[in-house]
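Just so it is clear, A, B, C, D and E label the chains in written order, and each chain counts residues from 1 on its own.
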Amino acid sequence: MMSEGRANKFGFAISRSRLIDYDATDRKVREYVTLREPSFRLCFACGGCTATCTAGQHTSFNLRRMNTYIRRGEIEPLREEVTRCMLCGKCLLVCPRGVNTRNVVAVAAEAIRKLGRNEL
Amino acid sequence: MNSELFITPFNLGLYFILIYSVVRSTVWFRNLSRPDKLRLQRGFFGRPFMDSLREIFSESLLHRKIFKKNPLLGYMHMSLAFGWFLLIVFGTFEADFFGEKHLNPPSHAIFFRWFNPDHGSEGFARIYGFWMDLLLAFILSGLLLAVIKRFIPRMMGMKKTTKHTWTDRIALTSLWLIFPSRLLAESFTCGAHGSGSFLTGNMGAALASFLPAAEIAPVFWWLYSLALGTFFLLLPVSRYFHIPVELFLIFMRNSGITTGDRHSSYTEVQTHACSSCGVCIGVCQMSYAAGIHDIQSAYFIKGLRNDRDIAAITANCLMCGRCEEVCPVGIELGPMRLIERRQGEREDHKLRLAEKYTITRRRSTLEKAPTQSYGYLEREEPEKAEVLFFAGCMTHLTPSVIVAMKKIMDSAGVKYRFMDEQGGVCCGRPLMLAGRDKEARELINHNSDIIWKSGAQILVTSCPICYKVFRESYYLEATVMHHSEFINLLIEEGSLRLGYLHRKVVYHDPCELGRGSGIYDEPRAVISYVAELQQASQERNMSLCCGGSLGNLTLSSEKRALIAADAARTLTVASPDELITACPLCKKTFAQATETKVSDIAELVAAALPKPAEIAAKRRPARAAVRTSRIG
Amino acid sequence: MQDIRFEEGLHACMNCGICTGICPAAEYYHYDPRQVVDLVQSRNNEVIRELLKSETIWYCGQCMSCKTRCPRGNTPGMVIMALRKLSQELGYFTASEKGRQQFAIKRTVGDNVLKHGYCVVSYDVDPEAHPEQGPAWEHYFRYMDDSLARLGGELNGKEGPTRLIPDDVLDELKSIFKVTGGQELYDAIEEASEKKAEEMGMEFKKEGRDFEYFRHVVTADSGCHQCEPEDVRKDVYETRR
Amino acid sequence: MSMKPEGKKRIWAEYQKEIPDDHFFYVRSCIRQTFFAGSEQYFLKILREDLGKDVFEDPRHTTCTGIGYHGDVVPFETIQAVVARHFALATEAGYKHIAISCVTSFGIYSEILETWKHFPETLERTREDLFKATGRTFEVPETISHTSDIIYKFRDEIARKAKYNLVDIATGRPLRVVEHIGCHYSKMFPKYGVGGAEFPHVLVGMVESWGGDVIDYPERRHCCGFGFRQYLVQANRGYSLFASRKKFESMEPYRPDMIIANCPGCTMFMDRWQYTINEIDGITYGADGQGIPVLTYEEVAGLVLGYDPWEMGLQYHNVQSMPLLQKMGIRADPARRFLAKDGTRLPEPANLING
Amino acid sequence: MKGALKHVIVAGGGVAGMEAAGALAEMGYRVTLVEKGEDPGGHLLQWHALFPDRRPADEVRNYLRKRINHHNINVITRTTVDRVKHHPGGLTVNLSGGSEEKADAVIVATGFDLFDARRKEEYGYGIYDNVITSAELEGMFNRGHIARADGKVPDRIGLIHCVGSRDEKVNNNHCSKVCCVTAVKQAIEIRKMLPSCEVFCFYMDMRMYGPYYEELYRESQEVHNVNFIRGKVSEASVNINNRLVIKVEDTLAGRPLRMELDIMVLMVGMEMAAAGSKLAEASGFGRGINRFLETGDHHYGNNLSGVKGVFFAGTCTAPMNITDTVSHARAAVAETVRYLKG
């Protein structure tokens, strides 16, 4: 809606919806990631990666939530997020489903950059 | 006399390759960075020159390295290279000595027998002829092996041999044709004139007995010349280009030029110096343990040489460095891959050259903005400490190692600060391995800042991955030590009193610690001090990768498991009580792959510590911290 | 927390999210009733104190849609009401932008109740302050007597709509407020707000609405009530760490 | 729209609350008496004159403080006592059935009765509080009804007296009506609402027996967005508008002729926000950009019974109803919308929707 | 001769009843198997394939049919056991239609009823087309054809876990145990039949407690690309294209989510069977948690009824999968025999 953001002449602002509208979101990134790192599918969101994450000790980076967002096609919140990973690889060792977590982040970051340049 | 027309293919080829080599080498030289140019110039008029000649003789001609690894293969290469070399040298003497005039064109040496069909009937010439035949036979024997290797590689003790492009095939065929055709050409000529020595003479006589030798001879002289000509012409576009290029490589290397972190003449030379011999394929665990057969260094280099998109190949490597250890040509394969992993390095190199040779200045179109950014990291104010202990991310997943290190340092009375007790920040090595140096720099700066502020004189880490990057990419005043080194130091200076454990153990050299940083002896010294150390079939510079390597971003967990299982099997053949490593990542990876107990060297040492009661009595103060000079 | 609405509104939550799924606030603010209930359930006073000081508890619109569906019979909406009351009693509400707004509600609705006997009074809804009420209301407001008369009412009349509430009745209301703690809550809100105003260096008056602090709480909007991951850490959900 | 009506009927059958036939004690709504005084007046008129019922209103009754309660400045104990005071007035006047004009109040009354049922000690405490504060005592009423329940109960009687129907007389097409139920009507205590929480029948019943078609659209159950503090405080109003807009966009494809609501807040906001959205985004909802008139059930009942729309106050909605009246075949002179006491014309307000 | 045989009446011809009857007959008891339906088989009759191995339900059906095909077994259908009374010297059993039987022992295997999805009003079962139950989906599998009510091929199907389970709003606090794995199984079957159809499971917890269940779950993600969203669906409605619109919180994202579905499958749970309840009331059996039959001891006496000579078998005591039901029935037989041997 064009009216979102700043306060209008009625003295209040209208924020954007936080609803994930699955029929409006775009799952290109998900397809890209799943194609290049099939183990991405295996995540069952236990959160082990997030718990052990080195970057997560310092910032909001949350791989478990990132996977969820990618699956839902909710990319906006990830643009910043993906750049925070240090690729240290701890998550790789704790993942109970053997997801190649580091590559998921790397590929996702790549996909999101490409999305920005309409190369997806 | 138009009957000499047949030498034109040879001459064409020869002069082409000579001119080409001169041009190409000047270009390479011009493209060198200033310092490298100077190195090369200095090298050319100094000891390096002699070293190079020696190396050329031993490696390019005798192929000593290959000999060591595999005599049969070595002989094959030697007979071809060295044999041919001798043939040329003595052929020239022959022409010069017995020819009608001195200083002939090369063709006269190569086709000597054609020009002097009756030569070598008696006296010294006869012996010389015998010698020449002997050389030819020597080469032919190598050729025979080459043919066998081509069709049944196993016989030459090689697991895989590299695939060929069509130019390679033609070049190869012509190469193979050279000597048989020379043999036949000379034989027929000798047969016709009743000359020749044991090989060409007898064979000639035999052939002449039922064939019109004089008429057939020219055919094979033509073939001989054509084979040579084609070979020379195809040389630059075929894998055999490595033969001349290797000479440049040797000169450059001996002059002290290294790969560095961007594409350059040197990387080009290395690329072309690869003979695709396939030795790297044989030692690659990805190949024989994980069944991935298309990413090995030979293919990587070939991709570079043919300027293909090899992103997938480049990424899919453990970076364990085993191939580099065995490369007969001594190509710095690790650094080359790292360069290639950096997004768009090759394009930039091309652009740099373009800018050098065209007036128009073009900018890299590639987006070089960092993919990661760590602005969120907050500066820290660490407490002062003489010894700073950095466990490393991975070590936090093996708390037993941390506990062991604390015990050891406490028992030795070391005053230390635990830098990353609350997690800390990654050392940056994983990012570098992913080709993200800019990003890694951010982390390096963050950590360096803390280390400097702490005023530490020794920085001890439990993780070889961190260790390597601390040593190579951090600018620090503190001496960087892996905990195996540090423990060794504590033992040497007697501040650590240890009992002896009656256990048989085998030691696994972690890639980044062993091949990566050259630390082989300290861990062994420490282990032997507290337990019985078994030999491993693959150790030190040929030690295996555990499969957990962070050097590979794309390898699946299943494949990693295969590599780990294979490596563990190899290490535990002598059924040791414990498998000791010095890397948390190796420890974790092996733990899933073997029944044998896997421990870190620190854990082993901690187990050898006397019970608290015993040490309570008298404890020597640690001097490690103050004695840094001795280590530094 | 002896609020009846806790007993009524809070049994073991299994984090199914059925409440958030239909929560109008969750769609608009960075708000997740499921997590609020889960936090309260933790019975961790530190966490709950954080919650009482946070923006989070002020996002709910009390439509109570959550009560209809919860498979464990919880009512996040009622838990929120209890938290808000607590936050005001303890004076924590002034710690958050949305919380401070309680002062505005007290000075409008709250005061109306005891002054006029109604939550809303027509002559109080000034079109100037309520442009969104639109032309219809503006007209009605200007010609109140005529319009109301036509609909069969009389402003401050004896009976019917918007009749005058006599003083004896107002006294009854006031005394009810005294007896039941309503007045106490009013005072708590006033007191904490005055303190906050001072802290923020803003003008404050004991009466009415025409002063800086009131205008501030009514209009202030930091615009970060939708904070996504980045701010979440600072957000109360993360204080469990 | 293919849906199985029998399924809904089944549910309605399950939620038939007891609505008394006569003798109501009437309590007003702060919002309605302020913004839709006509509706309350016509509720009384219809019940007393058209249906001949006894509805008693005690001028001493006050607000229930509901908006204060849900604005979190009034404690539960306090509102219990205030409501108890109304019960006392009813008891004194000998009434056992409360008729509540406001849905917020209705929700609170039901919450209080439920609380007293499950926690009898709270009833006792309230008795004490009230007595201490006012010296009054009270009987817990036998029933509480929302005034829409009562209109619902007599919907067929009204239909029999109908002068107009919810039908487009030009085409004979039943009007497409969106019904909006106030959240607090039955979402908190489904059994207190006719038809329960998921498929409330209270308005559907009226619309159907007066000839209209009800639209079931995805956001039917969604809140109008009043959200108490979310509207009361200027800075929060985006929340309120956002919720209404969500509903409008969800009902838009069905091209509704009108919205009927049983909640003071909803009636107001769904009307006010249509104006505001129009001002901000230039969007007008409804068939051919005429907006969607939002009417109270009394207003609709009144139209059906043939009362003058301007006497009921339809002109005091931002979305004017002329197109709707036209469809229903009701003749009402727009010129007579805004009159002074003496019958003289007042200046007309600018930019109303279908002004 | 037959008269000499002790007589056991088995109430209910489902999995438990058939297994118990078969086992008893084998051991030389005279068995009367009373089934309320057209013929024995219970809920298995309407199932297409079974978890976790997706084997055809027929295989188990046939096994059970063979099991009761024994000269010692007399099967009475279209009949229910209304009352069991113990008195010295045996049991009197009243059957529907007024007839009375004598028995030495009775095994109650009245099983479960599927939850009546209409009670979960917000999901609009029985109101909106294309809201179906897991049982109806099995029917579609049997017919080998999955389609919307209007016959169109669905592009997206949602499976809603815990419908009528773990929900005090419908007075069922228990977990029905088998729905999670059933959902995963059905999701895979849908993906196989309609590879272009997206499938979503909406769950609160994935309770993959049995052997091969977790593997099936993994397969559904790895091979069949089934999507899982953690959150209990709040409500469903239909839009103007008669597509279902659901509201749910994606609890792993902590945000509300809206999604259109072509078909919404309600994974209906297990409830005490109505027939069983009637029998229990009349015969004074204890009713345990969530109205299932109360057994003598939860750990070592969960076939005991508290009434002499009466034993419980199968899902009348609690939700169970087929494996457990068969074992439970065999245990009931063991108890019965021990009782009859005195």
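As a working rule, contacts are C-beta pairs under 8 Å (C-beta built on N, C-alpha and C of every residue); 3 or more make two chains touch, one makes a residue touch a chain.
What you see is a predicted model, and the numbers here were worked out from it, not measured in a lab.
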Ask   = From subunit B, how many touching-chain steps at minimum until you land on subunit C?
value = 2
Task = Would you kindly say which chain has the C-alpha centre located farthest from the C-alpha centre of subunit B?
result = D
Note = Per CA centroids, the chain at the heart of the structure shown is A
Message = As a test of whether you follow the contact definition, which chain pair has the most C-beta contact pairs?
response = C-D
Remark   = Between subunit D and subunit E, the Cα-mean centres are separated in Å by 46
Query = subunit C to subunit D: how many Å between their CA centres?
reply = 23
Request  = Determine the centre-to-centre distance between subunit A and subunit B, using the mean Cα coordinates as centres, and give it in whole Å.
outcome  = 40
Centre distance in Å when subunit C and subunit E are each reduced to the mean of their C-alpha atoms = 48
Ask   = For subunit A, which residues are shared contacts with two or more other chains?
value = 9-13, 15, 17-19, 59, 65
For subunit B, residues that touch 2 or more chains besides their own = none
Remark   = Multi-chain contacts in subunit C, i.e. residues touching at least two other chains, fall at 22, 26-29, 68, 132, 219, 221
Ask   = For each chain, which other chains does it touch, given as pairs?
value = A-B, A-C, A-D, A-E, C-D, C-E, D-E
Ask   = Residues of subunit D touching subunit A in their complex?
value = 234-238, 241-242, 245, 276-277, 279-281
Key: Complex interface listing, subunit A residues touching subunit E   = 18-23, 38, 41-42, 44-45, 64-65, 68-69, 71-72, 74, 97
Query = For subunit C, which residues count as touching subunit A in their complex?
reply = 26-30, 131-132, 219, 221, 223, 225-226, 228-233
Note = Touching subunit E in the complex, subunit C uses residues 14-23, 26-27, 32, 34-35, 68-73, 237
Query = Where on subunit E is subunit D touching in the complex?
reply = 118, 121-122, 124-129, 149-150, 235, 237-240, 242, 245
